[in-house]
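In what follows, a single structure is set out as structure tokens and then discussed.
Letters A, B, C and D mark the chains in the order given here, with residues in each chain numbered from 1 onward.
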Amino acid sequence: MALDLSTSLGPVTLPNPVMTASGCAANGKELARFFDVDRLGAFVTKTVMAQPRSGRGTPRMAETPSGMLNSIGLQGPGIAAFCAGDLPMLKDLGARVLVSIAGGTSTEFADVAAHLRESAAFDCVVGVEVNISCPNVANRGQVFACDPLSSAKVVALVREQLPRDTPVIAKLSPDVTDIVSIAQSCVKAGATGLTMINTLLGVVIDTETLRPALYAVTGGLSGPAIRPVAVRAVWQVAAAMREGRLPTVPIIGVGGVRTGRDALELVAAGAAAVQVGTATFNDPTAPVRVLEELAALVAGKGFTRFTDVVGVAHDRT
Amino acid sequence: MALDLSTSLGPVTLPNPVMTASGCAANGKELARFFDVDRLGAFVTKTVMAQPRSGRGTPRMAETPSGMLNSIGLQGPGIAAFCAGDLPMLKDLGARVLVSIAGGTSTEFADVAAHLRESAAFDCVVGVEVNISCPNVANRGQVFACDPLSSAKVVALVREQLPRDTPVIAKLSPDVTDIVSIAQSCVKAGATGLTMINTLLGVVIDTETLRPALYAVTGGLSGPAIRPVAVRAVWQVAAAMREGRLPTVPIIGVGGVRTGRDALELVAAGAAAVQVGTATFNDPTAPVRVLEELAALVAGKGFTRFTDVVGVAHDRT
Amino acid sequence: MSPVAQVRAAELIATRRAGAYHHVTFVAPGIAESARPGQFVAVAVGGPTSANLLRRAFSIHKVTPSGTYGGTVDLVISAKGAGTQWLTALRAHDTTDIVGPLGRPFPLPAEAAPCVLVGGGYGSAPLFWLAAALKERGCQAHLVLGAATESRLFGVVDARRAGDSVHVTTDDGTAGTKGTVAAVLPAVFRETGAVVAYACGPMGMLRSVTEISAAHGAVAQVAVEEAMACGVGVCMTCVIPVTGNDGLTRMVRSCAEGPVFRGDRIRWDAFDGGRCTVPEDAVGAQAMRSH
Amino acid sequence: MSPVAQVRAAELIATRRAGAYHHVTFVAPGIAESARPGQFVAVAVGGPTSANLLRRAFSIHKVTPSGTYGGTVDLVISAKGAGTQWLTALRAHDTTDIVGPLGRPFPLPAEAAPCVLVGGGYGSAPLFWLAAALKERGCQAHLVLGAATESRLFGVVDARRAGDSVHVTTDDGTAGTKGTVAAVLPAVFRETGAVVAYACGPMGMLRSVTEISAAHGAVAQVAVEEAMACGVGVCMTCVIPVTGNDGLTRMVRSCAEGPVFRGDRIRWDAFDGGRCTVPEDAVGAQAMRSH
């Protein structure tokens, strides 16, 4: 029997649940050399802010066991150039685009969203991912996602700028004591979905020079190494939704997915969609390969609808 | 020139900086088949609580990329049997013992410490590691280490029970928004040192059965995969000490150390001693091998005192 | 505790298919000399760049304490996940790190007695060596080998040489009697008058061997296969509930106190669908309830 | 962007020592056919159980677009860390995943012109192939190979065949002129009248080639070696500050816009001790200051 792979991001339905992860796929044309990006459920763009950003000095990365540390510093063209160049190009490629945005202040987030809404190519946008794992200028550089109030404020302001039927998805950081409480305030403030997780804060020391390996000292840890943390975050928030502790909204799982099997872990834990990040550096076709492997696995277990697998592990403990 | 490997845990000086990690070395006789445990700076025992504990059901472990998830559930004999059997045996082996203790309430922590102090073999104890990454019965099972006040209370009560010259070392959890604030309250409450980090909370789903792989659902993630998080925690707290945001006390680094090079990362980030945990499962001689490799590396860089390398990366950013 | 060796660069000198399995031989001096049937080795997998940190446990199939290469150890490996796939893809002269011998061997009867040896799948690997040790003591060794299908039987030819009698069962009837070992065991007990049963294989089989042994007044010594993180007794992941001489049930390490246990001491009631619950009456179960 | 192939199971068909390096040949159809000198490949390391997730980048030493095995690609590898150690330990018939050709090749002069080709250590690997391409266009190719010591020179024998002239330097004087390539370059420019310099090697060398070229009125095309996480343009880790035609400096990806850049466009002032700071005047540097 054929498998129905479609999945819902609330107001929007996607043909399948696999996406790129922000910052791990650039903005389309690079990966288009390896596969047709319209095969993915959605294409998630590199986080864009108001102004062009140079990013940080180098080294910007260090390999770690089954993962890597990065400190790109949100290098990007700024929202104006993004709307003029990257977005129309993605539209031409037929991509369904989940646009990742950020700001140093909650107002900057809102400005970026407002600019995006006015873009001529806005019709290819299937949602906005609000990257609140971004330093908050007002709060000594602590990231928004570490504080329920700052997170809520950003989400509410972005929500106001966007059409009602545009999903607004808050992307959470795992570096918090209680991720459920952050999820709660984001949903309360109008988030129609949650992406979990962003990278974990890490440091690598270069043991030759005895200096931090990264120019920026700290960086974000990603890759298979962190997968159990991502699955845990999805598990906890999905469990809280099932217990009625927060409204049920779609969860997008991300963190360490390299194979269809890895994706299935996040799905069974409660993710309605899955993003493939660092694994793309290992295999540029990883996002579509994961999609194919996931579909085969789910079908092989006798399911006919992908959505029936979402969160299934909660019923089997 | 000979390298002076000695390091200080405050009131106590150890001949070298490498230790086992709690729960990764049992209580001595198993590893004594592979090396003389008195070669280590200290031997850290499996966390002991007041009563005997069966631990959790199985499966208790799942392998993960460059790491593993465990949920042993602090299986152990209870403090009375520990003092009657395990501790004298470690003393016979010539070990310098860092005893890891825990409780479900702050009073239980104090009772365990009091019992330990009365042990006939207490003279082999070089310190007490207070495992506050343990669920707090009074606080809906949230671990003590997630809350500065609960952490401080436990440390203060344990401190009271022990002789002034016994180091009291709080072992912190990385699963917090701000590890520096937890470190601050522990030191303020009387901790003479800090061990960082305990495991990260994780979940693995068994994709055959679509159930959580562990009987206990969640478990602790350890191994090389988490090393950048451990180095970051040590880095942040050491930096805060240098900035005078909390008093300077020795830090014991733990998390993902498999080689002398890995240990050096933690040391350069600020750790005065290093524990080897999960790597022992890969190589039962890992603790002494790491000691030898670390000594060779440090000497090879021209240092004559190990303590000169502690935190050196902060001066080289 | 018994002596154990670590061979950091154990060289693979032979690898060959044996039905669904790979039969591999490593040079492992220090292990070969002191090992006894029922013990196992813990093998590192993946080489220096490996993401698989944990060793894999394998029963020792046989040892050759000395010889051209120094002591060698033979293992029978079923390629399943990442680690066993890596091991079975090794070629001659490749090396890996092996620790052993680990765990407690099958206890041999103090006096000559008829014994039945039951192996499920690759679980038969240690039995031929055990049979030889039993026969040295004047015991009879009756072998019963079961598997899902013919290709998953191991050592049927060796069995004919090593056993005083041999029975084979397969779930699908592709070899021997159709069914599980339980289909032939009662008859074997009746015919041989066995007073000890040794078994190695999946949990369900071990339980059934224990029950059938009890029904025939025999003691079952079973080698369990629990997921192990360390294999050397330091991690507490490999525990199962076992009742001691004092009648109390404890969660004991199958790598150190086992892998061989008296079948009637194992709390089979605690196992269900790949999981094992701590029995309520186990030592220390009470303390788990509060936190 | 230019076409690129992924060969999931590229077979190693030859591996041999070349001084301090390993010269390896992989069957990589699809890569061999479209590659040009200066491009590189990104090679997966460690096999299926690998903890090393990131591909390693290597300049293409030469390609044989067809032949007994289909297209092959040759690389010259210095065994340094985990990944290169794994690669250089591969044996015939082992496979790994290779993506390429990546990056922009050395631009060839529109008209015949004398050129100097400078390689540091394994940096000479792509130069012989480049020399051949230049000579096809009627250009002269004068080679300068430098290294710390003799064993770290690559291809001196090939150079004699490929180059119109060859100079060798070593820091310790074990071969050729004692010193760096800077010791001989001015004379080479003077003698050959070269108008283009091509260089591949460590950053310090590339900078020095750029400066000496400028002093002799020549354009330097240099292939940089920045740490790369993806090699295909999606991660933004491999950036360096480069000044564009508009006079503005941007942090550009050396895997996609490079690895070959005009030397005089690179902001050498930003590099120091293995790190590179974003120049204050770079596009978007301002926005980094607030957050």
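As a convention for this text, contacts are C-beta pairs under 8 Å (C-beta built on N, C-alpha and C of every residue); 3 or more make two chains touch, one makes a residue touch a chain.
Note that the structure is predicted; figures quoted are calculated from it, not measured.
Student: Out of B-C and A-C, which chain pair has the most contact pairs?
Tutor: B-C
Student: I'd like the Å distance between the centres of chain B and chain C, where a centre is the mean of that chain's Cα atoms.
Tutor: Result: the chain centres lie 35 Å from each other.
Student: From the mean C-alpha coordinate of chain B to that of chain D, what's the distance rounded to whole Å?
Tutor: 46
Student: Using mean CA coordinates as chain centres, what's the gap between chain C and chain D in Å?
Tutor: Taking the mean C-alpha position of each chain, the two centres sit 54 Å apart.
Student: By the touch rule stated above, which residues of chain D touch at least two different other chains?
Tutor: Residues 51-52 of chain D each touch two or more of the other chains.
Student: Can you tell me which residues of chain A touch two or more of the remaining chains?
Tutor: Residues 65-67, 209, 223-224 of chain A touch two or more partner chains.
Student: So what shape is it, when you link every pair of chains that touch: line, ring, star, complete or other?
Tutor: Here the contact pattern is complete, since every chain touches every other one.
Student: List the residues on chain C that touch chain B in their complex, please.
Tutor: Touching chain B from chain C are residues 1, 3-4, 6, 44, 51-55, 97, 99, 226-227, 229-240, 250-251, 256, 270, 273-278, 282-288, 290-291.
Student: Which residues of chain A touch chain C in the complex?
Tutor: Against chain C, the touching part of chain A is residues 65-66, 224.
Student: State the interface residues of chain D toward chain C in the complex, per the touch definition above.
Tutor: These residues of chain D touch chain C: 45-52, 82-83, 85-86.
Student: What part of chain C is in contact with chain A in the complex they form?
Tutor: 51
Student: Of all residues in chain A, which touch chain B in the complex?
Tutor: Answer in residue numbers: 62, 64-67, 69, 146, 175-178, 200-205, 207, 209-212, 217-219, 221, 223-229, 231-232, 235, 256, 261, 264-265, 268-269, 297, 301, 309, 312-313, 316-317.
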